Amino acid sequence: MSPEERAFQDRVDQDIKIEPKEWMPEAYRKTLIRQISQHAHSEIIGMQPEGNWITRAPTLERKAILLAKVQDEAGHGLYLYCAAETLGVTRDELMEQLNSGKAKYSSIFNYPTLTWADIAAIGWLVDGAAIMNQVPLQRCSYGPYSRAMVRICKEESFHQRQGYDAMTKLARGTPEQKQMAQDALNRWWWPSLMMFGPSDAESVHSAQSMRWKIKINTNDELRQKFVDQTVPQAEYLGLTVPDPDLKWNAGRGQYDFGEVNWEEFYQVISGNGPCNRQRLRTRVKAYEEGRWVRDAADAYAAKKGARAKAQAA
Amino acid sequence: MSPEERAFQDRVDQDIKIEPKEWMPEAYRKTLIRQISQHAHSEIIGMQPEGNWITRAPTLERKAILLAKVQDEAGHGLYLYCAAETLGVTRDELMEQLNSGKAKYSSIFNYPTLTWADIAAIGWLVDGAAIMNQVPLQRCSYGPYSRAMVRICKEESFHQRQGYDAMTKLARGTPEQKQMAQDALNRWWWPSLMMFGPSDAESVHSAQSMRWKIKINTNDELRQKFVDQTVPQAEYLGLTVPDPDLKWNAGRGQYDFGEVNWEEFYQVISGNGPCNRQRLRTRVKAYEEGRWVRDAADAYAAKKGARAKAQAA
Amino acid sequence: MMSDQAALFEYLLRLGDNALILGHRLSEWCGHSPALEEDLALSNVALDLIGQTQLWLNLAGDVEGRGRDADKLAYLRDARDFRNVLLVEQPNGDFAATMARQFYFDAWHYLLLRELTGSKDSRIAEIAAKGLKEVTYHLERSREWVLRLGDGTEESHERMQTALDDLWMYTGELFETDEVDQAMIRSGMGPDLSTLHEPWLGLMHATAEEATLTLPQPGWAQRGGKRGMHSEHLGYILADLQFLQRAYPNATW
Amino acid sequence: MMSDQAALFEYLLRLGDNALILGHRLSEWCGHSPALEEDLALSNVALDLIGQTQLWLNLAGDVEGRGRDADKLAYLRDARDFRNVLLVEQPNGDFAATMARQFYFDAWHYLLLRELTGSKDSRIAEIAAKGLKEVTYHLERSREWVLRLGDGTEESHERMQTALDDLWMYTGELFETDEVDQAMIRSGMGPDLSTLHEPWLGLMHATAEEATLTLPQPGWAQRGGKRGMHSEHLGYILADLQFLQRAYPNATW
């Protein structure tokens, strides 16, 4: 380890935030860019499955809540792209990576939203899992990322409560609504568990990222925590978690649960989920069709700037 | 009148059909092209207001009936373009005239179909009025047009019965359906009367067209006939024709009815109907977006022809 | 003659339905707009409009007195009973069309709400005052986009001009006064809409000029929405909007 | 294990829903197709499919024995209860995409119905025999268009190739056998779908070659439709399809 690296690691160890202009190892920078931009991309792609129900939300209040939520995701995307930009990459570069299929995003958004209950389930489970991942990251070593996480976590936990509330309405509703709720839980449970990533034994980079404090807990710890938190909520709603192996382990004080189907996970990651193509195409289409608008805004700003300059002269 | 014109008029007077290769006055040819192509264009544009409800038809049977009807309209368009082509103009030329807004089509298709009852009303009233116009044209002097009319009239009267049947279901249905039926009658009644064109006193070309037997009855005659036929049908359905001046005239043995709002008619004709722009744009879009398909079909046919020739050689 | 209560009900439906349908159209952009900033901004406007919908339609339901709240009115009427102007139900088209529709509407909406803050009906005045703050921002924003696109690139200029031209015929309806409006004027509840035309045109001309665009000539106006005579677009909006309420009639959500 | 009757009901829903949803998609073209001849031809195919829908779903209703007829099944189920394969609900896209979808489906549909004409259930055999005549023509036509577009112009070739590539992942589901299919095989009512794969691939390869196109490599198959796990497109189809029946629940039409 070079003296610079040593000093850097010391600061990290002492929980002093690393700020954009400070020296940092190239690998730290690269790993962070990848991590933050993946997170940003997930927010952006995540707008699609939920956006799918905005025009069909069942009441004006639910419509407003959902629209505001999807809007928040756009906002999170923005914060995160900004955080990534402090590491020396532009939003356009990151967008191009997303559009070209080079960059990854959270695999769960490659599942379709088939009923209104999916919107509730996403809020409850997907945002629940996201928060579980993100809360520790509020303490991560990189300042801009850590601060973005603080804002995001606040909003996410609001979303999660709204999702659970919507799920409650369904679970206490008509038999058809209850069935819709159970069906959504059946479909979103396992993909939610996959959100924590492969088992730590399989996970690359984990050890280094934890030393750098850009990863705080292991995937398995967080997954366990999520299960422990969520199972009682499901029970409270009278819904059944679709895992025959799930049972309370009094010895550990935690739930035992079944093995995630990692084959499916890798299939979806590698492009073969139900909606991968659709999600990417929708994104690319919006980006391409918006080009002339962005160009016009730039041209107008340039003209306006030039006119102001001419007037000043 | 030249000897040729004399001979031509004699044949017409004797009810001998004029066929494509025979001599005919240039004005006869031009008038016919205009009349037949307007009729063809009306069939094509007429597909839109009805097509608007195909995906939303209320039963599988109604969906099939409606789709078959709109399909028939495409078929009528084809017959009529073929009839026009015998007069020395191509379908593409006529389509270009339609797309450029130069050619006219029946103004009634510039009204929107707002409810399912509009589909019933179009069948009953609009097809009813069309038949009234077309039945006499089966006897028109130009052979290909006359023969096209025979086929078309058969199908139109089938459509008209289906429309009346659909209207009957509504008029005998729930209060909401009955209201829907009355509302549709209110909106389509006057535009249907306008379909016969302005009063004969105002109508240009009428006298010459009647001499040539490409117009058989006057506009006012046909309109009266339509009213006399349709009012009892409305009464039978328990619906009210939206004309306070409508009453039976025992002396004439016909209905008296109110004055058509010709101001509205001319507005719509001149492009200011509720759907003029939409109808034309939809047509142009389909035509433009279909160009590469038609080109491909031509290219393939040419290649196939060339290959067959090469093989034969 | 229409009763004052019936006129007021109709009038409130118009206000509520305008907000509902335009909010719906804007929400269709969510996730598909030209930049993240626009996803945020368009959603903001849509959210304001949904909020206004709730206020107007709940009041409409109160006035009607038949136990219908905003949701019942939004989700359980068919197209012929909707009272929004034709402008707001027009399809999104490209971003220029959306902005032209928005600018035409916002300017009118702003002028209308400003008048309604002085309504003799304090419930109307209150909702209008709340809405006016929001719409002031909407107008600022849509006006800014007309300038940007009009005076941006050649392509954006052309698209913006086409959009202004295409939607112009739906603006006449905004200023027409029928018996419902007359009743509102008589009772001091609402303004004479025709008086909004001049300030509206003033803003249009000034903006078009600054944006290097040409405002269409006054011409024939498309009308009907206020009386429930809509374009063919509205039915499809309602098919999506109302699906769940129609498919699960006795559920609460 | 599923009862034979339950399996038969499911199986008939699949047959009926495939026809219903593909017929719906094709009917969306009506009035918008590249030439009048295609408006006629696409409508013909759609009409055949609507007719087949009625036969299959009425039989499904009979088998179920709960008083549901074809209309009730078509208009009053939500997306999760639909059993069509994912292929048929995919959007029309351009004409090449519609024709690729149609060719993939027609070839399978033809092979399936041919087998079903030998079903031990005479009701199935009869409907299949009627349908087979129609589908023979559908297949001829969609195959012809694959040739025309593939071996037409450079643009049409490229569009056709893209369409084949894009929809390929939805074809695997056609040949998968689940417990419903197993029950049908056991009772001699329906064929082993996996046996259709080879003749289907044969036709695909021959056609692609003649059309100067490249058939995609066998790869990962998108599945779920047969079990009611659809794409996000189906909900929008149903919102339109079912609007009137949902909005006016006690009406007859």
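Going by the order they are written in, the chains are A, B, C and D; count residues from 1 in each one.
We adopt the following convention: a contact is a pair of C-beta atoms (placed from the backbone, for glycine too) under 8 Å apart; a residue touches a chain by one contact, two chains touch by 3 or more.
The shown structure was predicted, so the numbers you read here are calculated from the model rather than taken from an experiment.
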Contact-graph distance - origin chain A, target chain D: 1
Which of B-C and B-D has more C-beta pairs touching across its chains: B-D
Chain located farthest away, centre of chain B as origin (C-alpha): A
Distance between the centres, which are taken as Cα means, of chain D and chain B, whole angstrom: 35
Inter-centroid spacing, chain D versus chain C (mean Cα positions, whole Å): 42
Centre-to-centre distance between chain B and chain A (centres being mean Cα positions), rounded to whole Å: 58
Multi-chain contact residues (two or more partners), chain D: 78, 235, 239-240, 243
Touching two or more other chains - residues of chain A: 56
Category of the chain touch graph - line, ring, star, complete, other: other
Contacting chain pairs - touch in the sense defined above: A-C, A-D, B-C, B-D, C-D
Residues on chain C engaged by chain B in the complex (per definition of touch): 78-80, 166, 169, 220, 222, 224, 229-232, 235, 239
List of chain C residues in touch with chain A within their complex: 20, 24, 27-28, 30-40, 43-44, 46-47, 50-51, 53-54, 70-71, 74-75, 94-95, 147-149, 151-153, 155-156, 159, 237, 240-241, 243-245, 248, 250-253
Interface residues, chain B side, partner chain C - complex: 49, 52, 56, 112-115, 180, 183, 187, 267, 272, 274-275, 277-278
Contact set on chain B toward chain D in their complex: 44, 47-48, 51, 54-64, 67-68, 70-71, 74-75, 77-78, 81, 116, 166, 169-170, 173-174, 176-177, 282, 285-286, 289-297, 299-300, 303
Complex contacts: residues of chain C adjacent to chain D: 78, 235-236, 238-240, 242-243, 246-247, 249
